[in-house]
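Shared between the two complexes below is chain A, which has chain B as its partner in the first and chain C in the second.
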Partner chain A sequence: MAENAVEEAVAGGAKLNVYPMKQFEVTPLFGEGPIHWYTPTNVTLWLGIAIVAIVLLMVLTTRKRAVVPGRGQSIAEVLYSFVRSMVVDITGEAGLKYFPYIMTLFLLILFTNVLSILPYSYTVMSQIAVTGALALAVFISVTVIGFVKNGPGFLKIFWISEAPMALRPVLAIVELISYFVRPVSHSIRLAGNMMAGHAVIKVFAGFAAVLAAYTPLGLGLLAPIGGIMAVIGLEMLVVVIQAYVFTILTCVYLNDALHPGH
Partner chain B sequence: MASDTIAQGAAEEAKVGMPQLDFATFPNQIFWLVLALIVLYFIVAKVILPRIGGVLEERHAMISDYLAQASDFKKQAEEAEAEYETALKQARGEAQEIAAKTKAEIQKELDKAVAKADAEIAAKTAESEQAIAVIRESAAENVREVATATAGEVVMALMPSVSDDAAVKKAVTARMKG
Partner chain C sequence: MENAITGDLAQMGAMIGAGLATIGMGGAAVGVGNVVASYLSGALRNPAAAGGQTATMFIGIAFAEALGIFSFLVALLLMFAQ
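Up next, the complex of A and B:
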C-alpha cells in the first residue's frame, strides 16, 4: 500500500512536478490577495534589486573618481564607453542627446537579465507587459522625435527613393507595416528569449527529480543537471546579448528618426 | 494524500498557463516599471554619466598633458646629452694638456736634480783627488827623509870620514827626481 503510494507519487511527480511557467507568475510580496496597480510584487522587488545593483556597480565604485581606475570603476567605464560608442556609431553625435535614456534602458535590461540567472530570482524581462511597455516607449518617442526633427519629411523613411518608381508604393506599404511591427518584434524578442531559457532550465529540473527516482542510486539525475549547467552557461550569453540587441535596435530606430533619408 | 497533491498540482497547472498573458497584472507591472525607469533615469543622467564622463575626460586630458611633458623631457634629455658630450670632450682635452704639462715639469725637475747630482759628484771627486795628492806628497816627503837618513847611515858606516849630510841629501833628492 505504502509502496503503491510512493509509486503513484513518483508517477504523479513525473507528470505534474514540472511547472516551467510557474516561475513567471506575478505574486504579491506581502500576503495573498488581488494585485492592484500599486501592490508591491516580485516584479517590484527584482526591479529594485536591479537598481540597487546598478547603484553599487556604477555609483559606488566610481565615487573616488580615480584617474587610474580600480576593478569596479573599470567595469563601470567599460559599460559607459560601450553604450556611448554604440550610440555614436549608429546615430552619430546627434544621438548623444538621448544617451542617458539609452544607457538607462541598457543598464535596466542587462541587470534584471543577469540577476534572473540566480536561483529563486525573478525574470522581469520575461514579462510581455514589461518589454512591451519598454518597446512602446521607444516606438512612440522615436516617432515623435522623427516628426519633431523632420516634420512631414519623416515620412520619407517609407518612400524608398532608390527603388524603381513603380515599386515605391508597394514598398511604402511594406515599410509602413514593418514600422508598426517594430514594437511587437522588439518586445517579444526580449521576452521570448528570456522566457524560453528559464523555462528549459525548469523542465530539466523536473527531469532530474523523475530520473533520480527511477535510476539506481538516483544517478540518472546527473544528466539533467549537466543539461541545466549547460543551459545556464548559454543563458549567461543570451541575457547579455538580448540586452545588447534591445539597446542596439533602439539606436537603429532612433537613427531613422534623426536621419530619415535611407 | 498523494492524490490531493496531484489534484492541487493539476489545478495550479491549469491556473498557470502563461502568466505573462494575465492582463490583470499589467497595470501593476507597468506602474513599477515606469517608476523604476524614472528613478534609474535620474541616477544615470545626474550621477553615473556626468561622473564617468568627467573621469574619462580628465584622464584623456591628463594623458595628453603627460605626452606633451614626455616629449619636453625627451628634448631636454637630448640637450643634456649633447652638453654632456661637449663637456666630456673638453675635459678630455684638458686632461691631456695637464698630463703633458705635468710630464714636462717632472722632466725639468728631473734634469735639474741630475745636474745637481753630477755637480756634487764632480766636487766630491775633486776633493778626493786633492786629498789623495796631499797624501801622496806627504808620502814622498817621508820617503825622502827615510832615504836621506838611511843613506847618511850607510855612508857613515862605510866611510865615516866623508860623512857629509848636505851632499847625501842632495844626492837623494836628485835620485828621487830621476
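Up next, the complex of A and C:
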C-alpha cells in the first residue's frame, strides 16, 4: 500500500521542488514588462501598506491625547519612549535633534519587517537596493553632520590619540577602511537576515509538500508544519531585533559624528 | 560537447564553493555565542549593572553576525549570480 503511494507520488512528479529565493523576485503589480523606477511593484505595494499602518498607529491613536492611554495610544507611546531613550543613552542630549529621523527609520524597518511575516506578503527589507539606500542615507548624513559640527576636527575619529605614536598611522588606515565599510555591512546585515530567515520558511514548506506525498494519509506533513511554525516564531524575534540593531547602529554612528574625540 | 562539460564543471565548482562558504556561518555562531556568554556571566556577577549593557551586547552581536551574513551572501552569489 505504502509502496503504491510512493510510486504514485513519483509518477505524479512529487520531488523536492524548492525555490526559496522565488519569493524575493520584484514583479510589477499590473501586467508584465520591464520595471522602471516609476513602475508600481510588490515592493512599493508593501512599502505603502507599511507607511499606511505607521500613520494609522501613530496619528489616529494619539489624536485624543488621553491622559490614561488606550491600547493603541500606549503602543505608540511605548515605541516613542523606547526610541527616545535609546537615542539619549547612546548619543546624549545632543542627539535628540536627530530623533525624528531615527524614529522614522525604526518605524519603517519595524513595520515592513513585521508585515513580511504574513503569508503571501513581500519582504521589502530583503532587497539590498532598499536597505542600501537607507544605509547610504545614514552614512552621508552622518558624515555631513560630523563635518558641519566639528569642522576638520571630525577627522579625529581616524586618529586614535590613546594609541602609541608608532601605531597611529596603521590604525588610521584600518579606521578609514572600517568607516567606509559601514554602509555595506549596515545594509547587508539587514537584507541578509531577512532573506535568510524567510528562505528557511520556504525550504520547510518544500519539505511539507514532499512528505505529504510520501507518507500514508499525508501525516508526514505535520513535522515540517511544526518546523515552519517554530521558524516563524524565531522570525518574529529576528525581525524586531534587526530593526533595533539597524537603529542602534545609526545612533552609534551619529554619536561618532557628534563626539569624535570619544 | 566540450563546452557543456566545462559548463557543468563550473556549475559543480560553484555549488561546492557555496557549500564551503557556509562554513563561515559557524564562525559567526561562535562569535555570537561568545558575546552572549560573556554578557551573561558578567550579568550574573553584577545584576545591577546588567540592564545598562544590553544595548552594547546587541551591538556586539550585530558586528559578529554581519560576518556570518557575508558568507551567506557569498554562497548566494555563487549559486544564483552567474
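One rule holds in what follows: the second predicted complex is superposed on the first by the 246 of 262 C-alpha atoms of A that agree within 3 Å, B and C clash if a C-alpha of one lies under 4 Å from a C-alpha of the other, contacts with A are read in each partner's own complex, and residues count from 1 in each chain.
The definition used in the following text is that a contact is a pair of C-beta atoms (placed from the backbone, for glycine too) under 8 Å apart; a residue touches a chain by one contact, two chains touch by 3 or more.
Fair warning: this is a prediction, and the values are worked out from it, not measured in the lab.
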Touching partner for A:67 - first (chain B), second (chain C), both, neither: first
Partner chain(s) touched by A:248 [first = chain B, second = chain C, both, neither]: second
Touching partner for A:185 - first (chain B), second (chain C), both, neither: second
Partner chain in contact with A:176 - chain B first, chain C second, else both or neither: neither
First, second, both or neither for A:21, with chain B first and chain C second: both
Partner touching more residues of chain A, whether chain B or chain C: B
Which superposed partner A:101 touches (first chain B, second chain C, both, neither): first
Touched partner set for A:51, first chain B, second chain C, both or neither: first
First (chain B), second (chain C), both or neither touched by A:86: second
Chain B and chain C contact sites that coincide on chain A, given as residue numbers: 21, 195
Residues of chain C that touch chain A when the two form their complex: 55, 58-59, 61-63, 65-66, 69-70, 72-73, 76, 80
Of chain B, residues touching chain A in the complex: 1-3, 5-6, 9-10, 12-13, 16-22, 24-34, 36-37, 39-41, 43-45, 47-49, 51-56, 58-59, 62
List of chain A residues in touch with chain B within their complex: 5, 8-9, 12, 16-17, 19, 21-22, 24-26, 34-41, 43-44, 47-48, 50-51, 54-55, 58-59, 62, 65-67, 69, 73, 76-77, 80-81, 99-101, 103-104, 107-108, 126-130, 133-134, 137, 191, 195
Contacting residues of chain A [partner chain C, same complex]: 21, 86, 89-90, 185, 188-189, 192-193, 195-196, 241, 244-245, 248-249, 252
